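Structure in structure tokens, see below.
Chains: A, B, C and D, in written order; residue numbering restarts at 1 for each.
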Amino acid sequence: MVGPANDFTAPPRRLRLGMVGGGQGAFIGAVHRLAARMDNRYDLVAGALSSRPDVARASAAECFIAPDRAYDDFREMAMREAAREDGIEVCAIVTPNNLHFPAAMAMLDAGIHVICDKPLCMSVAEGEQLAAKIEETGLLFALTHNYTAYPMVREARDMVRSGKLGNIRLVQVEYPQGWLATPVDNKQASWRADPAKAGPGGALGDIGTHAHNLADFVTGLEISELCADLSSMVEGRQLDDNVQILLRYKNGARGMLWASQVAVGHENGLKLRVYGDKGSIEWAQEHPNHMHFRPLNGQPRLMTRGGPGNSAAGGRVRVPSGHVEGYLEGFATLYTDFADQLSARIDGHLPNAEAGLVPGIAEGLNGMRFIEAVVSSSQRGASWTSM
Amino acid sequence: MVGPANDFTAPPRRLRLGMVGGGQGAFIGAVHRLAARMDNRYDLVAGALSSRPDVARASAAECFIAPDRAYDDFREMAMREAAREDGIEVCAIVTPNNLHFPAAMAMLDAGIHVICDKPLCMSVAEGEQLAAKIEETGLLFALTHNYTAYPMVREARDMVRSGKLGNIRLVQVEYPQGWLATPVDNKQASWRADPAKAGPGGALGDIGTHAHNLADFVTGLEISELCADLSSMVEGRQLDDNVQILLRYKNGARGMLWASQVAVGHENGLKLRVYGDKGSIEWAQEHPNHMHFRPLNGQPRLMTRGGPGNSAAGGRVRVPSGHVEGYLEGFATLYTDFADQLSARIDGHLPNAEAGLVPGIAEGLNGMRFIEAVVSSSQRGASWTSM
Amino acid sequence: MVGPANDFTAPPRRLRLGMVGGGQGAFIGAVHRLAARMDNRYDLVAGALSSRPDVARASAAECFIAPDRAYDDFREMAMREAAREDGIEVCAIVTPNNLHFPAAMAMLDAGIHVICDKPLCMSVAEGEQLAAKIEETGLLFALTHNYTAYPMVREARDMVRSGKLGNIRLVQVEYPQGWLATPVDNKQASWRADPAKAGPGGALGDIGTHAHNLADFVTGLEISELCADLSSMVEGRQLDDNVQILLRYKNGARGMLWASQVAVGHENGLKLRVYGDKGSIEWAQEHPNHMHFRPLNGQPRLMTRGGPGNSAAGGRVRVPSGHVEGYLEGFATLYTDFADQLSARIDGHLPNAEAGLVPGIAEGLNGMRFIEAVVSSSQRGASWTSM
Amino acid sequence: MVGPANDFTAPPRRLRLGMVGGGQGAFIGAVHRLAARMDNRYDLVAGALSSRPDVARASAAECFIAPDRAYDDFREMAMREAAREDGIEVCAIVTPNNLHFPAAMAMLDAGIHVICDKPLCMSVAEGEQLAAKIEETGLLFALTHNYTAYPMVREARDMVRSGKLGNIRLVQVEYPQGWLATPVDNKQASWRADPAKAGPGGALGDIGTHAHNLADFVTGLEISELCADLSSMVEGRQLDDNVQILLRYKNGARGMLWASQVAVGHENGLKLRVYGDKGSIEWAQEHPNHMHFRPLNGQPRLMTRGGPGNSAAGGRVRVPSGHVEGYLEGFATLYTDFADQLSARIDGHLPNAEAGLVPGIAEGLNGMRFIEAVVSSSQRGASWTSM
């Protein structure tokens, strides 16, 4: 084994975590739980894992949640936990999209910090209400745009910010998947294809928002207008399964965004390329520990997670370079950074720099504005639309 | 050394070839000459390699062209060669774009077959005149869209045509380069940036047409309309150096095309991805002997030039699989296939199947229509434009 | 998010885990703790994390171990935990190599199951004593050859066993690293270079054993003899930093093994290639979710973790294909599979199939025999040596 | 199209070339002819392409060789061509290995320069006779170890020579192929498996010599001793089809060489890795335009043919970076460099630097010594053998 070890510092106690959604048969809830557990910063002590009482009970038992803290109604959980001395301090929301808003509002109203899966909610209007509530309560809010927590993505952001690429001219981002190339009928697929649960975007909301957020996180560029062509390639599908967008940024840069769930042969092909006048970078989610940096007139360089030449931004690693950290580690980093924010808040000290990288309400609201602009553009014949 | 050898059959004599352009300091002329020489099907016996008499003479001498067949005026060459018993049968045109049309017309008028570099000419109007002339004279015409001659590209075309990908839904094609990311002042760069010599497109004409042609060649899909955003990223540049296009095809498929000469870090990153409802393919010019085929619900497969599972379409190879054939071999294949067409015409027999794959006037005219539609779309605020 | 979710089933309670070694500044101890935590199957409740009392205490506190169960002597821990009603059931040993044997013996003598880092111990003689003790006590023993738990490695093993590669003819395995290319003086480097702590092998014991074990796990072939050339490339280094071995297997197959810590530019380049008369596979640790399968006369296929065509062996995954699982997930899988073994033993039922894949005393003893044969061969001028 | 063009300077006339071997059905002869033609430095004017008169005649006609210069006996060709005013100046020998020696001797005796395919001949004894004859006659001799002419291989050599890698410690070279994994019965396979035609090595002579020569060319290190294990994996095969060797170099470096023709799934997997104490390089024949350079403690760099940071050594290119040059271009470079040597000799001036890189009799003799040492080592139970 080689090199530097995990330097995560351990605080004196774990944070008390609740969860809404994520009962038996769910996918992302298990990911959140594992992410919360990885760096030992949280104890999952309460849950409204399902609205069906039996599923809620059985699911809670599997998570070692005490029976009296296994709820089937998130509003009840918010109230009763808020009333306990040892009640949850923070709650993860991992339901289908349509419940993000009411669950988050319930927690915030009860004085409980929130970790919310993406996209933020169902509309800009909901998002603005949430933002107002957060401002009013002063509570902390994390949105799990997990790809932002990969070390090389943070390194990419740092490279852009520190000018290593020069002025940014071009952004090419794509997220092709193939799993919906044919009609699919299972729990994961069906809620994503139902506008009442998923919101106005299909592939757009599910993965287009990841692509948008990733480009936004790394470049910090603001979109001025976009031209979007949404398609539904599989007969009978109500929402889009293919997203193609031209982007214009306020600084004059241009961009293209492609997200698809009918791109046969792709698994999770999220890839970002950013080109400045001094250099470019390329990062692909399926090989997340590597990033290609191509300086103007120089030899392309391979940057590796934890490897030579990284800044502090790329330094939040658990195992040395050459051993892969993946999806779950990135997810866990969001949880751990947010734990730092929470601990700092609770203890009255300043959080570390990484803690500030966790996406929050601003990113969530920006995502909702993106979704609405894209849908609007596409509905008007793929015409240019301000954002 | 392994496997099957070159199976190019040798005809009884070489064809007499002339050339317009390609004198000292030129790039593409040397490529054409090498391509003509590779499979020993042509003798370069005459040339108007430059309009400057001294350069024309010196360049011809370097090519072992007899002094009396070294011209400095292509019209004179056309006339005098046509009058010789042993005059040129076919002429390669390798000038800047603005001379393609007059040089080709001069040759056709003199009864000489033509091999023309791309793009075809300066406008649809010129292209239509050329097409009429070709029809009128019955002469043969090749356009060196060289990427179509890579074995794996022909294999890709065959896979689409034979239904291995099912109905085509998505086309993603890109051609990023970085060599014009800063102001460049040399012979190759300057004529490409001059509308009087290059025509209405910069990156568009130079490499956008390659991307368009490649997608067209492989898929055979017709574009119904497009939405194009041309940019010029380097101050003072008259023509576009970045091309971003959304495509809609007549069959309902969608596409995206990106071509750029300011994409720092790329050399010749031409890449095509085609997605059908039964499978997808991916081919990249910088590793041209490989192609990825991803069948629906199956394991992705690596197809190699000359390797297992290729059809006859991918079988035109000089060396066995595992030894790379590249840019020059592809170029030479166009010359050799066109030699087959020419020999068949001269001898009155039918050419082989590959000969029919050489791009010609139809592809050239299609390219000009593409350029004009793109420029028109972009000038009207990147609005949707029929093609 | 796409596809099938984590299907790890949760048992009714967590196992009580202790740890020897892994105090502040250690690397692999933190990895073991994280691995134990990932799937929520263990509670770390006691530890002799250091022999220095202050470090032991502080380290335990960081792990939320109760002060009365923070020991500085593993023998004392074994005795006192064995005497408690709620004492540890299983203990992880994560010390330098020289303490593996005494710590494991102490735990086994106290009736505590053992999870031991690799290599097993310092000699075949120690290994045989351990094996005898394990047989005598009937306790369970896991050796964390973690690379065996990557899903694609288990898939590879299954492919060999099920005959997909035919008769195995060739094994090429390598593990290049570069971190010791110059004299290195830190905690991780120094004990590995000290024969008193590391044993008779340097790179050999540290990573050569991983390469050996990986080939052994996947192919199941027995080495008949080997010819090994150990070198020390950096002046003043007492143990080997480069290992080159020719292998002959009992079935007539041939192999080559290379392990190096002076291979500048490599991080953890463990790679295995196995060639049979019907096909071959290639797997590289730095891209562990992919494996290349090349059937005789067929197109090479890309196999992905959780992707199409995998057997049940490759199916133990937490997140769907296309999202990377890495080093920590593999490590955690060993812990979880061993938890299944332990739970089954405690509850008196049969463990599942994967549980049986966890390397144990046989693999450890085989590793010690390998080390001794290699050292012996090298010392006798790199002559052929039976194993 | 981008960048610098072909800068090969054209001399005033072409050299008169003859050929022995390479008639219809042969593979490598066609490659030599194409290579000679590519840069327009040779005219093929005579040939003893086969010892069967009808095949010799028909093959010559296909090559546009005049009937009176189509021979069926290479000794006759040597005599008669030497007697002509316009006789051949240089002769390519492309027969099976057993005829290299007599054909080369015949040409040298007739005062004709020689280009010989590899391996040099059948034994060290033959090689020494050839060397003596070359010295005696003062004629020029090229051995077509074609991989040495890839631009990135020459760049690699330059990097080693100029100290960019520091002191060389490790050499890992391999050449796996799969085409003889089953019994194969065709012209190419059968002579290679016949000791009377191929010499004492099977895979060893065919591709092991390429691997050896490549490492030798790049590193310049001398082997002091080697330990070789030759195997024949396919029943009934007389010669080795798998070669595994440990190498010790005079400077203390270590190496491993693997060549195989039963490595199912490989096409022409020649790969060289060289590790010094300041950096390492990796080059793979199947992607020959790329090379990986990994400086000590720095980010790995991608070097591309014609791309940034190359020395003059890597600068002999026909097309700009990003367009692939492959196997035939490398072969042609040997011919062109040798043409420079020949022209310089004929004209009495000094050749350019690249001309000196063409492998010759010294490399050929070194290859024969390698073959004999390997066979000797393997026959004595794979024991260490001096070279």
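The rule is short, and it goes like this: contacts are C-beta pairs under 8 Å (C-beta built on N, C-alpha and C of every residue); 3 or more make two chains touch, one makes a residue touch a chain.
Chain-to-protein mapping (UniProt): A, B, C, D = Oxidoreductase.
Remember, predicted model here, so these are calculated numbers, not experimental data.
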Chain whose average C-alpha position is farthest from chain D (Oxidoreductase)'s own: A
Whole-Å gap separating chain A (Oxidoreductase) and chain B (Oxidoreductase), where each centre is the average of the chain's CA atoms: 44
For chain B (Oxidoreductase) paired with chain D (Oxidoreductase), centre-to-centre distance based on mean C-alpha positions, whole Å: 34
Rounded Å distance, chain B (Oxidoreductase) centre to chain C (Oxidoreductase) centre (Cα mean): 55
Sites on chain C (Oxidoreductase) at which at least two other chains make contact: 266, 300, 307
Pairwise touch network: line, ring, star, complete, or other: complete
Residues on chain D (Oxidoreductase) engaged by chain A (Oxidoreductase) in the complex (per definition of touch): 293, 297-303, 307-309
Residue numbers on chain B (Oxidoreductase) that touch chain A (Oxidoreductase), as the complex places them: 169-170, 172, 174, 178, 181-182, 227, 229, 231, 233, 242, 244, 246, 248, 254, 256, 258, 260, 262-266, 275-280, 292, 294-296, 300, 381-384
Chain A (Oxidoreductase) - residues contacting chain C (Oxidoreductase), complex: 1-6, 10, 13-14, 25-28, 30-31, 33-34, 37-40, 62-64, 177, 179, 188, 206, 266-269, 285-289, 304, 307, 318-329
